[in-house]
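Read through the structures below before going on.
Same chain, two partners: subunit A is paired with subunit B first, then with subunit C.
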Partner chain A sequence: MTRYRAAPAATLRIVPLDVLTLVYHRASGITHVVDSPVPELLEVLGEKPLTLDETLAALAAAHDLIDPDREALAARLDELVAAGLVEAV
Partner chain B sequence: MRHSTMLRIGPVGFRVGSDWRAPVALLDELYRDYPQPQDGIPDFNVRLFAARFWRRWLRPSVQIGGDFVIPDAAPLPLAQGLLAAEMAMNLQMALGQRRYLLLHASAVERDGKALLMTGESGAGKSTLAALLMTRGWRLMGDEFALLDPATGMIHGFPRLISLKNEAIGVMEHEAKGGRWGPLLEGTPKGTIRHLVPDARSIAAMELPAAPALMLFPSFGFEAAEREVFPSECFVRLTQASTNYVTLGESGFDALTGLVRGVPARAIDYPDTKTAIATVERLWSELA
Partner chain C sequence: MGDDNSEDGVPHAGKAERPSRRALMLGAASASAIVSIKPALAQTAGSVLNCEIPVPDPGRAGSYIDANGKVVPPGTKGAFPPAVRPFRGEEVKKAMNGANLPGTTYDQSRAYTNYIRRLQRGTSGFTCFASLQMPRG
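Our next item is the complex of A and B:
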(Lines of atoms letter the chains of each structure in order from A and count residues from 1; the text may use other names and numbers.)
(Lines give C-alpha, C1' and ligand atoms only; values in the text may rest on other atoms or scores of the structure.)
Protein backbone atom coordinates (compact mmCIF):
# COMPACT_ATOMS: atom_id res chain seq x y z
CA MET A 1 0.00 0.00 0.00
CA THR A 2 1.26 3.48 -0.87
CA ARG A 3 2.60 5.46 2.02
CA TYR A 4 3.33 9.15 1.97
CA ARG A 5 5.99 11.16 3.70
CA ALA A 6 6.99 14.79 3.51
CA ALA A 7 10.19 15.72 1.68
CA PRO A 8 13.09 15.84 4.17
CA ALA A 9 12.72 18.82 6.51
CA ALA A 10 16.17 20.08 5.53
CA THR A 11 14.93 20.60 1.96
CA LEU A 12 11.90 22.71 2.92
CA ARG A 13 11.70 26.28 4.15
CA ILE A 14 8.18 26.82 5.46
CA VAL A 15 7.17 30.43 6.21
CA PRO A 16 3.58 31.07 7.35
CA LEU A 17 2.47 34.57 6.25
CA ASP A 18 -1.26 35.12 6.81
CA VAL A 19 -3.93 32.85 5.37
CA LEU A 20 -1.31 31.55 2.97
CA THR A 21 2.01 29.84 3.64
CA LEU A 22 5.19 29.96 1.58
CA VAL A 23 7.17 26.80 1.01
CA TYR A 24 10.60 27.15 -0.56
CA HIS A 25 11.71 23.76 -1.91
CA ARG A 26 15.48 23.71 -1.85
CA ALA A 27 15.72 20.63 -4.06
CA SER A 28 13.97 22.36 -6.98
CA GLY A 29 14.44 26.04 -6.14
CA ILE A 30 10.70 26.50 -6.56
CA THR A 31 8.59 28.67 -4.23
CA HIS A 32 5.11 27.28 -3.52
CA VAL A 33 2.36 29.52 -2.19
CA VAL A 34 0.00 27.13 -0.39
CA ASP A 35 -3.25 27.18 1.56
CA SER A 36 -4.64 24.68 4.07
CA PRO A 37 -4.41 21.72 4.24
CA VAL A 38 -0.91 21.69 2.73
CA PRO A 39 1.07 23.02 5.74
CA GLU A 40 -0.89 20.67 8.02
CA LEU A 41 -0.21 17.74 5.67
CA LEU A 42 3.52 18.45 5.59
CA GLU A 43 3.46 18.53 9.37
CA VAL A 44 1.70 15.18 9.91
CA LEU A 45 3.75 13.51 7.18
CA GLY A 46 7.00 14.85 8.61
CA GLU A 47 7.35 12.24 11.33
CA LYS A 48 6.87 8.94 9.54
CA PRO A 49 5.33 7.60 6.32
CA LEU A 50 1.55 7.20 6.54
CA THR A 51 -1.06 5.53 4.35
CA LEU A 52 -3.94 7.58 2.98
CA ASP A 53 -6.25 6.46 5.79
CA GLU A 54 -3.62 7.06 8.45
CA THR A 55 -2.99 10.54 7.02
CA LEU A 56 -6.69 11.31 7.13
CA ALA A 57 -6.90 10.11 10.72
CA ALA A 58 -3.84 12.12 11.76
CA LEU A 59 -5.18 15.28 10.13
CA ALA A 60 -8.58 14.80 11.73
CA ALA A 61 -7.01 14.29 15.14
CA ALA A 62 -4.68 17.26 14.91
CA HIS A 63 -6.93 19.80 13.20
CA ASP A 64 -10.59 19.05 14.02
CA LEU A 65 -11.59 18.27 10.43
CA ILE A 66 -15.29 18.99 10.04
CA ASP A 67 -15.78 17.06 6.85
CA PRO A 68 -12.97 14.55 6.18
CA ASP A 69 -12.93 13.77 2.46
CA ARG A 70 -10.77 10.80 1.49
CA GLU A 71 -10.82 11.44 -2.26
CA ALA A 72 -10.01 15.11 -1.95
CA LEU A 73 -7.09 14.25 0.30
CA ALA A 74 -5.83 11.67 -2.21
CA ALA A 75 -5.96 14.35 -4.93
CA ARG A 76 -4.04 16.85 -2.77
CA LEU A 77 -1.40 14.22 -1.95
CA ASP A 78 -0.97 13.36 -5.64
CA GLU A 79 -0.42 17.06 -6.38
CA LEU A 80 2.17 17.31 -3.63
CA VAL A 81 3.95 14.20 -4.90
CA ALA A 82 4.03 15.73 -8.40
CA ALA A 83 5.46 18.95 -6.93
CA GLY A 84 8.11 17.03 -5.00
CA LEU A 85 6.98 18.24 -1.58
CA VAL A 86 5.73 14.75 -0.62
CA GLU A 87 7.20 11.39 -1.53
CA ALA A 88 5.16 8.25 -2.22
CA VAL A 89 7.01 5.25 -0.76
CA MET B 1 33.06 50.84 -30.32
CA ARG B 2 33.41 54.18 -32.06
CA HIS B 3 31.87 56.24 -29.23
CA SER B 4 31.57 55.28 -25.59
CA THR B 5 31.00 56.55 -22.08
CA MET B 6 30.91 55.16 -18.56
CA LEU B 7 28.66 55.99 -15.65
CA ARG B 8 27.38 54.60 -12.37
CA ILE B 9 23.78 54.55 -11.20
CA GLY B 10 23.53 53.64 -7.53
CA PRO B 11 25.88 50.69 -7.02
CA VAL B 12 25.84 49.61 -10.68
CA GLY B 13 28.46 50.67 -13.24
CA PHE B 14 27.80 50.76 -16.99
CA ARG B 15 29.85 51.19 -20.11
CA VAL B 16 27.81 52.33 -23.10
CA GLY B 17 29.29 51.99 -26.56
CA SER B 18 27.63 53.34 -29.68
CA ASP B 19 28.07 53.49 -33.44
CA TRP B 20 26.83 57.09 -33.28
CA ARG B 21 28.01 60.12 -31.34
CA ALA B 22 24.59 61.59 -30.52
CA PRO B 23 23.29 59.07 -27.95
CA VAL B 24 26.62 59.09 -26.08
CA ALA B 25 26.77 62.90 -26.11
CA LEU B 26 23.27 63.02 -24.68
CA LEU B 27 24.13 60.50 -21.95
CA ASP B 28 27.25 62.51 -21.07
CA GLU B 29 25.16 65.66 -20.78
CA LEU B 30 22.26 64.23 -18.78
CA TYR B 31 24.42 62.01 -16.53
CA ARG B 32 27.17 64.62 -16.13
CA ASP B 33 26.88 64.69 -12.30
CA TYR B 34 26.94 60.90 -11.91
CA PRO B 35 30.10 59.10 -10.75
CA GLN B 36 32.20 56.64 -12.70
CA PRO B 37 31.99 52.86 -12.12
CA GLN B 38 33.84 51.74 -9.01
CA ASP B 39 37.55 51.23 -9.77
CA GLY B 40 36.73 52.18 -13.35
CA ILE B 41 35.30 48.71 -14.00
CA PRO B 42 31.71 48.54 -15.23
CA ASP B 43 29.34 45.78 -14.13
CA PHE B 44 27.57 45.77 -17.48
CA ASN B 45 28.32 46.68 -21.08
CA VAL B 46 25.70 48.15 -23.38
CA ARG B 47 26.04 48.41 -27.14
CA LEU B 48 24.01 50.58 -29.50
CA PHE B 49 24.73 49.47 -33.01
CA ALA B 50 23.47 49.42 -36.57
CA ALA B 51 22.01 46.03 -37.42
CA ARG B 52 23.18 46.52 -41.05
CA PHE B 53 26.15 48.76 -41.72
CA TRP B 54 24.21 51.13 -44.00
CA ARG B 55 21.77 51.73 -41.12
CA ARG B 56 24.42 53.96 -39.58
CA TRP B 57 23.52 56.58 -42.15
CA LEU B 58 20.44 55.53 -44.11
CA ARG B 59 17.31 55.92 -41.93
CA PRO B 60 19.64 55.15 -39.02
CA SER B 61 18.16 52.71 -36.54
CA VAL B 62 19.60 51.66 -33.22
CA GLN B 63 19.81 48.01 -32.29
CA ILE B 64 20.18 47.27 -28.58
CA GLY B 65 22.95 44.94 -27.47
CA GLY B 66 25.19 44.24 -24.51
CA ASP B 67 26.25 41.52 -22.09
CA PHE B 68 22.63 40.37 -21.85
CA VAL B 69 20.29 40.51 -24.81
CA ILE B 70 16.85 39.44 -25.89
CA PRO B 71 16.71 38.03 -29.40
CA ASP B 72 13.75 39.97 -30.77
CA ALA B 73 14.41 43.53 -29.55
CA ALA B 74 13.08 45.88 -32.22
CA PRO B 75 15.46 48.68 -33.32
CA LEU B 76 14.59 52.31 -32.55
CA PRO B 77 15.16 55.34 -34.80
CA LEU B 78 18.36 57.24 -34.00
CA ALA B 79 16.28 60.19 -32.72
CA GLN B 80 15.26 57.85 -29.90
CA GLY B 81 18.86 56.83 -29.17
CA LEU B 82 18.61 57.98 -25.55
CA LEU B 83 15.60 55.73 -25.03
CA ALA B 84 17.54 52.86 -26.62
CA ALA B 85 20.42 53.43 -24.18
CA GLU B 86 18.07 53.56 -21.20
CA MET B 87 16.25 50.43 -22.34
CA ALA B 88 19.55 48.64 -22.85
CA MET B 89 20.78 49.55 -19.35
CA ASN B 90 17.45 48.38 -17.88
CA LEU B 91 17.78 45.16 -19.81
CA GLN B 92 21.21 44.45 -18.30
CA MET B 93 19.71 44.93 -14.86
CA ALA B 94 16.61 42.85 -15.60
CA LEU B 95 18.55 39.94 -17.08
CA GLY B 96 21.95 40.14 -15.43
CA GLN B 97 21.65 41.55 -11.94
CA ARG B 98 22.66 38.93 -9.33
CA ARG B 99 23.82 40.93 -6.35
CA TYR B 100 20.45 42.48 -5.42
CA LEU B 101 16.87 41.31 -5.65
CA LEU B 102 15.25 43.55 -8.23
CA LEU B 103 11.94 45.03 -7.18
CA HIS B 104 10.01 46.59 -10.03
CA ALA B 105 9.21 49.64 -7.94
CA SER B 106 9.95 53.29 -7.57
CA ALA B 107 11.51 54.35 -4.27
CA VAL B 108 11.93 57.56 -2.32
CA GLU B 109 13.66 58.14 0.99
CA ARG B 110 13.07 60.31 4.05
CA ASP B 111 14.81 60.12 7.44
CA GLY B 112 16.79 57.08 6.30
CA LYS B 113 13.62 55.11 5.52
CA ALA B 114 12.41 54.05 2.09
CA LEU B 115 8.93 54.20 0.60
CA LEU B 116 8.45 51.67 -2.20
CA MET B 117 5.76 52.10 -4.86
CA THR B 118 5.02 49.32 -7.28
CA GLY B 119 2.39 48.58 -9.88
CA GLU B 120 1.60 48.01 -13.52
CA SER B 121 2.99 50.37 -16.13
CA GLY B 122 0.76 53.46 -16.07
CA ALA B 123 -0.12 53.14 -12.38
CA GLY B 124 1.89 56.27 -11.72
CA LYS B 125 4.88 54.98 -9.81
CA SER B 126 7.36 57.13 -11.76
CA THR B 127 5.19 60.24 -11.56
CA LEU B 128 4.54 59.82 -7.84
CA ALA B 129 8.24 59.33 -7.13
CA ALA B 130 9.09 62.43 -9.19
CA LEU B 131 6.41 64.49 -7.43
CA LEU B 132 7.66 63.40 -4.01
CA MET B 133 11.19 64.35 -5.10
CA THR B 134 9.96 67.92 -5.64
CA ARG B 135 8.48 67.88 -2.12
CA GLY B 136 11.55 67.12 -0.06
CA TRP B 137 11.95 63.37 -0.55
CA ARG B 138 15.13 61.87 -1.96
CA LEU B 139 14.47 59.99 -5.19
CA MET B 140 16.03 56.51 -5.04
CA GLY B 141 14.71 55.35 -8.39
CA ASP B 142 11.65 55.36 -10.62
CA GLU B 143 11.91 51.83 -12.03
CA PHE B 144 14.00 49.49 -9.88
CA ALA B 145 14.58 49.28 -6.14
CA LEU B 146 17.43 46.96 -5.20
CA LEU B 147 16.86 44.81 -2.13
CA ASP B 148 20.10 43.60 -0.56
CA PRO B 149 19.63 40.00 0.64
CA ALA B 150 22.58 40.41 3.03
CA THR B 151 21.14 43.37 4.94
CA GLY B 152 17.46 43.78 3.99
CA MET B 153 18.26 47.38 3.00
CA ILE B 154 17.05 49.10 -0.17
CA HIS B 155 19.70 50.48 -2.52
CA GLY B 156 18.73 53.15 -5.01
CA PHE B 157 18.98 53.04 -8.79
CA PRO B 158 18.23 56.68 -9.64
CA ARG B 159 18.51 56.58 -13.40
CA LEU B 160 16.85 59.36 -15.44
CA ILE B 161 13.15 59.53 -14.56
CA SER B 162 11.18 58.20 -17.51
CA LEU B 163 7.96 60.21 -17.81
CA LYS B 164 5.29 59.25 -20.29
CA ASN B 165 2.47 61.11 -22.01
CA GLU B 166 0.37 63.23 -19.57
CA ALA B 167 2.97 62.85 -16.80
CA ILE B 168 5.41 64.97 -18.84
CA GLY B 169 3.23 68.09 -18.63
CA VAL B 170 2.53 67.48 -14.94
CA MET B 171 6.22 67.33 -14.09
CA GLU B 172 7.25 70.19 -16.39
CA HIS B 173 4.94 72.29 -14.23
CA GLU B 174 6.05 70.79 -10.89
CA ALA B 175 9.81 70.47 -11.38
CA LYS B 176 10.68 74.09 -12.08
CA GLY B 177 14.28 74.40 -13.18
CA GLY B 178 14.56 70.68 -13.79
CA ARG B 179 16.96 69.36 -16.40
CA TRP B 180 15.30 67.43 -19.20
CA GLY B 181 16.19 65.20 -22.09
CA PRO B 182 14.60 65.72 -25.52
CA LEU B 183 10.90 65.07 -26.10
CA LEU B 184 10.73 61.63 -27.73
CA GLU B 185 7.55 61.21 -29.73
CA GLY B 186 6.17 58.07 -31.33
CA THR B 187 8.07 55.61 -29.12
CA PRO B 188 6.62 52.13 -28.44
CA LYS B 189 5.28 53.60 -25.16
CA GLY B 190 3.98 56.87 -26.59
CA THR B 191 5.67 60.18 -25.88
CA ILE B 192 8.56 59.98 -23.40
CA ARG B 193 10.70 62.64 -21.78
CA HIS B 194 13.49 62.00 -19.28
CA LEU B 195 13.91 64.17 -16.19
CA VAL B 196 17.28 64.27 -14.43
CA PRO B 197 16.93 63.50 -10.69
CA ASP B 198 17.69 66.52 -8.51
CA ALA B 199 21.21 67.19 -7.25
CA ARG B 200 20.51 65.85 -3.77
CA SER B 201 19.20 62.52 -5.11
CA ILE B 202 22.31 62.08 -7.27
CA ALA B 203 24.73 63.09 -4.51
CA ALA B 204 23.18 60.65 -1.99
CA MET B 205 22.59 57.77 -4.40
CA GLU B 206 24.98 55.43 -2.61
CA LEU B 207 23.13 55.64 0.71
CA PRO B 208 20.84 52.67 1.31
CA ALA B 209 17.61 53.05 3.28
CA ALA B 210 15.54 50.73 5.46
CA PRO B 211 12.24 49.79 3.78
CA ALA B 212 9.38 51.25 5.84
CA LEU B 213 6.24 51.32 3.68
CA MET B 214 5.08 49.73 0.45
CA LEU B 215 2.32 51.18 -1.73
CA PHE B 216 0.48 49.77 -4.73
CA PRO B 217 -0.91 52.90 -6.42
CA SER B 218 -3.55 52.94 -9.16
CA PHE B 219 -4.23 56.16 -11.03
CA GLY B 220 -7.65 57.09 -12.40
CA PHE B 221 -9.98 55.86 -9.67
CA GLU B 222 -11.91 57.41 -6.81
CA ALA B 223 -9.76 57.78 -3.72
CA ALA B 224 -9.65 54.47 -1.84
CA GLU B 225 -7.20 52.39 0.12
CA ARG B 226 -6.97 48.86 1.46
CA GLU B 227 -4.46 46.81 3.34
CA VAL B 228 -2.37 44.43 1.24
CA PHE B 229 -1.53 41.25 3.13
CA PRO B 230 2.00 39.85 3.09
CA SER B 231 1.05 36.89 0.86
CA GLU B 232 -0.43 39.19 -1.81
CA CYS B 233 2.59 41.45 -1.52
CA PHE B 234 4.88 38.47 -1.98
CA VAL B 235 3.06 37.24 -5.07
CA ARG B 236 2.88 40.69 -6.69
CA LEU B 237 6.56 41.42 -6.04
CA THR B 238 7.75 38.05 -7.34
CA GLN B 239 5.65 38.48 -10.48
CA ALA B 240 7.31 41.84 -11.07
CA SER B 241 10.87 40.74 -10.25
CA THR B 242 12.99 39.48 -13.11
CA ASN B 243 15.64 37.85 -10.93
CA TYR B 244 13.68 36.35 -8.02
CA VAL B 245 14.04 32.82 -9.39
CA THR B 246 17.72 33.28 -10.19
CA LEU B 247 18.58 34.38 -6.66
CA GLY B 248 17.15 31.18 -5.20
CA GLU B 249 16.96 30.90 -1.43
CA SER B 250 18.62 34.26 -0.76
CA GLY B 251 15.88 35.92 -2.81
CA PHE B 252 13.25 33.99 -0.86
CA ASP B 253 14.74 35.09 2.46
CA ALA B 254 15.05 38.70 1.34
CA LEU B 255 11.50 38.91 0.08
CA THR B 256 9.84 37.08 2.98
CA GLY B 257 11.73 39.42 5.33
CA LEU B 258 10.46 42.44 3.39
CA VAL B 259 6.78 41.44 3.20
CA ARG B 260 6.66 40.35 6.85
CA GLY B 261 8.37 43.48 8.14
CA VAL B 262 6.91 46.28 6.02
CA PRO B 263 3.26 47.45 6.01
CA ALA B 264 1.59 47.63 2.59
CA ARG B 265 -1.42 49.46 1.21
CA ALA B 266 -3.12 49.67 -2.18
CA ILE B 267 -4.19 53.21 -2.94
CA ASP B 268 -6.45 54.47 -5.72
CA TYR B 269 -6.22 58.14 -6.60
CA PRO B 270 -8.06 60.43 -9.02
CA ASP B 271 -5.38 63.15 -9.15
CA THR B 272 -1.85 63.86 -7.98
CA LYS B 273 -2.93 66.15 -5.14
CA THR B 274 -4.97 63.35 -3.56
CA ALA B 275 -2.11 60.91 -4.10
CA ILE B 276 0.46 63.10 -2.36
CA ALA B 277 -1.88 63.75 0.59
CA THR B 278 -2.59 60.01 0.94
CA VAL B 279 1.09 59.11 0.77
CA GLU B 280 2.03 61.68 3.41
CA ARG B 281 -0.76 60.54 5.74
CA LEU B 282 0.06 56.81 5.40
CA TRP B 283 3.75 57.59 5.89
CA SER B 284 3.07 59.42 9.16
CA GLU B 285 0.75 56.63 10.36
CA LEU B 286 2.70 53.54 9.33
CA ALA B 287 6.35 54.20 8.53
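Our next item is the complex of A and C:
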Protein backbone atom coordinates (compact mmCIF):
# COMPACT_ATOMS: atom_id res chain seq x y z
CA MET A 1 0.00 0.00 0.00
CA THR A 2 1.29 3.45 -0.88
CA ARG A 3 2.55 5.50 2.01
CA TYR A 4 3.42 9.16 1.91
CA ARG A 5 6.36 10.86 3.55
CA ALA A 6 7.26 14.55 3.57
CA ALA A 7 10.69 15.71 2.44
CA PRO A 8 13.08 15.83 5.43
CA ALA A 9 12.36 18.91 7.57
CA ALA A 10 15.98 20.03 7.22
CA THR A 11 15.48 20.37 3.45
CA LEU A 12 12.46 22.67 3.83
CA ARG A 13 12.22 26.31 4.86
CA ILE A 14 8.60 27.09 5.61
CA VAL A 15 7.48 30.72 5.93
CA PRO A 16 3.82 31.59 6.62
CA LEU A 17 2.62 34.67 4.71
CA ASP A 18 -0.83 35.61 5.99
CA VAL A 19 -3.17 33.13 4.33
CA LEU A 20 -0.51 31.60 2.09
CA THR A 21 2.73 29.84 2.97
CA LEU A 22 6.08 29.79 1.18
CA VAL A 23 7.90 26.47 1.17
CA TYR A 24 11.48 26.67 -0.04
CA HIS A 25 12.81 23.21 -0.91
CA ARG A 26 16.57 23.30 -0.43
CA ALA A 27 17.12 20.04 -2.30
CA SER A 28 15.68 21.43 -5.52
CA GLY A 29 16.02 25.17 -5.09
CA ILE A 30 12.32 25.53 -5.89
CA THR A 31 9.97 27.77 -3.93
CA HIS A 32 6.39 26.59 -3.65
CA VAL A 33 3.58 28.99 -2.80
CA VAL A 34 1.04 26.82 -1.03
CA ASP A 35 -2.43 27.14 0.42
CA SER A 36 -3.97 25.24 3.30
CA PRO A 37 -4.02 22.21 3.79
CA VAL A 38 -0.47 21.81 2.43
CA PRO A 39 1.47 23.02 5.51
CA GLU A 40 -0.76 20.86 7.70
CA LEU A 41 -0.10 17.84 5.45
CA LEU A 42 3.66 18.39 5.54
CA GLU A 43 3.43 18.46 9.31
CA VAL A 44 1.54 15.19 9.72
CA LEU A 45 3.69 13.46 7.08
CA GLY A 46 6.92 14.68 8.65
CA GLU A 47 6.99 12.18 11.45
CA LYS A 48 6.56 8.87 9.65
CA PRO A 49 5.15 7.60 6.35
CA LEU A 50 1.34 7.33 6.41
CA THR A 51 -1.20 5.71 4.13
CA LEU A 52 -4.02 7.79 2.65
CA ASP A 53 -6.43 6.71 5.39
CA GLU A 54 -3.87 7.27 8.13
CA THR A 55 -3.18 10.73 6.75
CA LEU A 56 -6.90 11.54 6.81
CA ALA A 57 -7.14 10.30 10.40
CA ALA A 58 -4.07 12.30 11.47
CA LEU A 59 -5.47 15.50 9.92
CA ALA A 60 -8.84 14.92 11.55
CA ALA A 61 -7.16 14.35 14.91
CA ALA A 62 -5.22 17.62 14.73
CA HIS A 63 -7.84 19.84 13.11
CA ASP A 64 -11.56 20.33 12.71
CA LEU A 65 -11.74 18.80 9.27
CA ILE A 66 -14.70 20.37 7.48
CA ASP A 67 -14.65 18.08 4.44
CA PRO A 68 -13.01 14.74 5.27
CA ASP A 69 -13.07 13.74 1.62
CA ARG A 70 -10.71 10.90 0.71
CA GLU A 71 -10.65 11.84 -2.97
CA ALA A 72 -9.75 15.45 -2.28
CA LEU A 73 -6.96 14.33 0.05
CA ALA A 74 -5.63 11.98 -2.63
CA ALA A 75 -5.58 14.92 -5.06
CA ARG A 76 -3.65 17.07 -2.57
CA LEU A 77 -1.13 14.26 -1.98
CA ASP A 78 -0.67 13.67 -5.72
CA GLU A 79 0.03 17.36 -6.10
CA LEU A 80 2.61 17.25 -3.32
CA VAL A 81 4.31 14.21 -4.86
CA ALA A 82 4.45 15.96 -8.24
CA ALA A 83 6.00 19.01 -6.59
CA GLY A 84 8.65 16.84 -4.91
CA LEU A 85 7.62 17.89 -1.40
CA VAL A 86 6.20 14.47 -0.55
CA GLU A 87 7.45 11.07 -1.58
CA ALA A 88 5.25 8.04 -2.28
CA VAL A 89 6.96 5.06 -0.66
CA MET B 1 -11.18 57.93 28.02
CA GLY B 2 -7.70 57.38 26.57
CA ASP B 3 -6.94 53.90 25.41
CA ASP B 4 -8.75 52.11 28.16
CA ASN B 5 -11.32 49.80 26.62
CA SER B 6 -11.89 47.79 29.74
CA GLU B 7 -15.45 48.99 30.15
CA ASP B 8 -16.78 47.75 26.85
CA GLY B 9 -17.69 44.39 28.30
CA VAL B 10 -14.99 42.38 26.56
CA PRO B 11 -11.83 43.63 28.22
CA HIS B 12 -9.66 40.74 27.13
CA ALA B 13 -10.97 40.30 23.63
CA GLY B 14 -7.60 41.17 22.11
CA LYS B 15 -5.86 38.59 24.19
CA ALA B 16 -8.30 35.75 23.65
CA GLU B 17 -6.62 32.40 23.65
CA ARG B 18 -6.04 30.90 20.26
CA PRO B 19 -8.26 27.86 19.78
CA SER B 20 -6.08 24.77 19.89
CA ARG B 21 -7.94 23.21 16.97
CA ARG B 22 -8.27 25.06 13.70
CA ALA B 23 -10.83 24.42 11.02
CA LEU B 24 -9.27 22.85 7.94
CA MET B 25 -10.63 22.28 4.44
CA LEU B 26 -9.15 19.82 1.95
CA GLY B 27 -10.82 21.67 -0.91
CA ALA B 28 -12.13 20.39 -4.22
CA ALA B 29 -10.25 17.50 -5.80
CA SER B 30 -9.95 19.49 -9.01
CA ALA B 31 -8.49 22.56 -7.33
CA SER B 32 -4.79 23.30 -6.97
CA ALA B 33 -3.07 24.25 -3.72
CA ILE B 34 0.51 24.63 -4.95
CA VAL B 35 2.22 27.07 -7.30
CA SER B 36 5.90 26.28 -7.87
CA ILE B 37 8.52 28.81 -8.87
CA LYS B 38 11.35 27.34 -10.92
CA PRO B 39 14.80 28.83 -10.74
CA ALA B 40 16.72 29.62 -13.91
CA LEU B 41 18.70 26.39 -13.73
CA ALA B 42 15.65 24.49 -14.95
CA GLN B 43 16.66 22.32 -17.90
CA THR B 44 14.63 20.84 -20.69
CA ALA B 45 12.75 17.68 -19.80
CA GLY B 46 14.92 15.58 -22.10
CA SER B 47 18.24 16.57 -20.61
CA VAL B 48 16.93 16.18 -17.07
CA LEU B 49 15.76 12.64 -17.66
CA ASN B 50 19.05 11.69 -19.31
CA CYS B 51 21.39 13.18 -16.73
CA GLU B 52 23.24 10.71 -14.54
CA ILE B 53 23.66 10.09 -10.84
CA PRO B 54 26.54 7.84 -9.73
CA VAL B 55 26.00 5.90 -6.48
CA PRO B 56 28.19 6.77 -4.70
CA ASP B 57 29.89 9.75 -6.31
CA PRO B 58 33.33 9.13 -7.88
CA GLY B 59 35.10 10.71 -4.91
CA ARG B 60 33.90 7.84 -2.79
CA ALA B 61 33.96 5.09 -5.42
CA GLY B 62 34.00 1.60 -3.94
CA SER B 63 32.24 2.61 -0.73
CA TYR B 64 29.05 0.83 0.29
CA ILE B 65 25.62 2.43 0.88
CA ASP B 66 23.67 1.54 4.01
CA ALA B 67 19.88 1.30 4.26
CA ASN B 68 19.60 4.98 5.25
CA GLY B 69 21.63 6.07 2.25
CA LYS B 70 24.81 6.83 4.18
CA VAL B 71 28.16 6.09 2.54
CA VAL B 72 29.97 3.46 4.64
CA PRO B 73 33.25 1.53 4.27
CA PRO B 74 33.34 -1.31 1.74
CA GLY B 75 32.13 -4.61 3.18
CA THR B 76 30.02 -3.01 5.94
CA LYS B 77 27.48 -5.60 7.13
CA GLY B 78 23.95 -4.91 5.95
CA ALA B 79 25.09 -2.24 3.48
CA PHE B 80 24.99 -2.53 -0.30
CA PRO B 81 27.90 -2.47 -2.75
CA PRO B 82 28.19 0.51 -5.12
CA ALA B 83 25.88 0.58 -8.11
CA VAL B 84 27.52 -1.00 -11.16
CA ARG B 85 26.62 2.01 -13.31
CA PRO B 86 25.27 5.51 -12.77
CA PHE B 87 21.48 5.80 -12.81
CA ARG B 88 19.73 8.02 -15.32
CA GLY B 89 17.42 10.79 -14.20
CA GLU B 90 14.42 8.98 -15.61
CA GLU B 91 15.23 5.83 -13.61
CA VAL B 92 15.66 7.84 -10.42
CA LYS B 93 12.40 9.69 -11.03
CA LYS B 94 10.57 6.37 -11.34
CA ALA B 95 12.31 5.07 -8.22
CA MET B 96 11.19 8.16 -6.28
CA ASN B 97 7.65 7.17 -7.22
CA GLY B 98 8.03 3.67 -5.83
CA ALA B 99 9.67 1.64 -8.64
CA ASN B 100 12.97 -0.20 -8.14
CA LEU B 101 16.14 1.11 -9.72
CA PRO B 102 17.20 -1.18 -12.59
CA GLY B 103 19.18 -4.24 -11.55
CA THR B 104 18.56 -3.75 -7.83
CA THR B 105 16.55 -5.54 -5.16
CA TYR B 106 13.82 -3.67 -3.28
CA ASP B 107 16.03 -2.95 -0.25
CA GLN B 108 19.01 -2.04 -2.41
CA SER B 109 16.87 0.38 -4.41
CA ARG B 110 15.58 2.00 -1.21
CA ALA B 111 19.16 2.42 0.05
CA TYR B 112 20.32 3.98 -3.23
CA THR B 113 17.34 6.35 -3.45
CA ASN B 114 17.98 7.37 0.17
CA TYR B 115 21.57 8.15 -0.83
CA ILE B 116 20.39 10.20 -3.80
CA ARG B 117 17.92 12.11 -1.65
CA ARG B 118 20.75 13.12 0.69
CA LEU B 119 22.96 14.47 -2.09
CA GLN B 120 24.42 17.86 -1.24
CA ARG B 121 25.24 20.74 -3.51
CA GLY B 122 28.66 20.13 -5.02
CA THR B 123 28.32 16.35 -5.00
CA SER B 124 28.24 14.54 -8.31
CA GLY B 125 24.63 13.97 -9.30
CA PHE B 126 23.16 16.75 -7.15
CA THR B 127 22.18 18.99 -10.02
CA CYS B 128 20.55 16.05 -11.77
CA PHE B 129 18.61 15.14 -8.63
CA ALA B 130 17.63 18.77 -8.03
CA SER B 131 16.35 19.04 -11.59
CA LEU B 132 14.19 15.96 -11.06
CA GLN B 133 12.39 17.81 -8.30
CA MET B 134 11.10 20.32 -10.82
CA PRO B 135 7.39 19.90 -11.35
CA ARG B 136 6.90 18.00 -14.62
CA GLY B 137 10.69 18.17 -15.06
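Everything that follows uses one rule, which is that the second predicted complex is superposed on the first by the 89 of 89 C-alpha atoms of A that agree within 3 Å, B and C clash if a C-alpha of one lies under 4 Å from a C-alpha of the other, contacts with A are read in each partner's own complex, and residues count from 1 in each chain.
Keep this in mind: a residue touches a chain if its C-beta (ideal position, glycine included) is under 8 Å from a C-beta of that chain, and two chains touch if they have at least 3 such contacts.
Since the structure is predicted, the reported quantities are computational estimates derived from the model, not experimental observations.
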| item | value |
| --- | --- |
| Subunit A: partner with more touched residues, subunit B or subunit C | C |
| Touching partner for A:19 - first (subunit B), second (subunit C), both, neither | first |
| First, second, both or neither for A:33, with subunit B first and subunit C second | both |
| Touched partner set for A:72, first subunit B, second subunit C, both or neither | second |
| Which superposed partner A:82 touches (first subunit B, second subunit C, both, neither) | second |
| First (subunit B), second (subunit C), both or neither touched by A:59 | second |
| Contacts on subunit A seen with subunit B and repeated with subunit C across the two complexes | 29, 31, 33 |
| Subunit C - residues contacting subunit A, complex | 21-39, 41, 96-98, 117, 119, 129-136 |
| Of all residues in subunit A, those that touch subunit B in their complex | 13, 15, 17-20, 22, 24, 26, 29, 31, 33 |
| Interface residues, subunit B side, partner subunit A - complex | 229-231, 234-235, 238, 245, 248-249, 252, 256, 259-260 |
| Touching residues (chain side subunit A, partner subunit C) in the complex | 2, 8, 25, 27-38, 40, 59, 62-69, 71-76, 79-85, 87-89 |
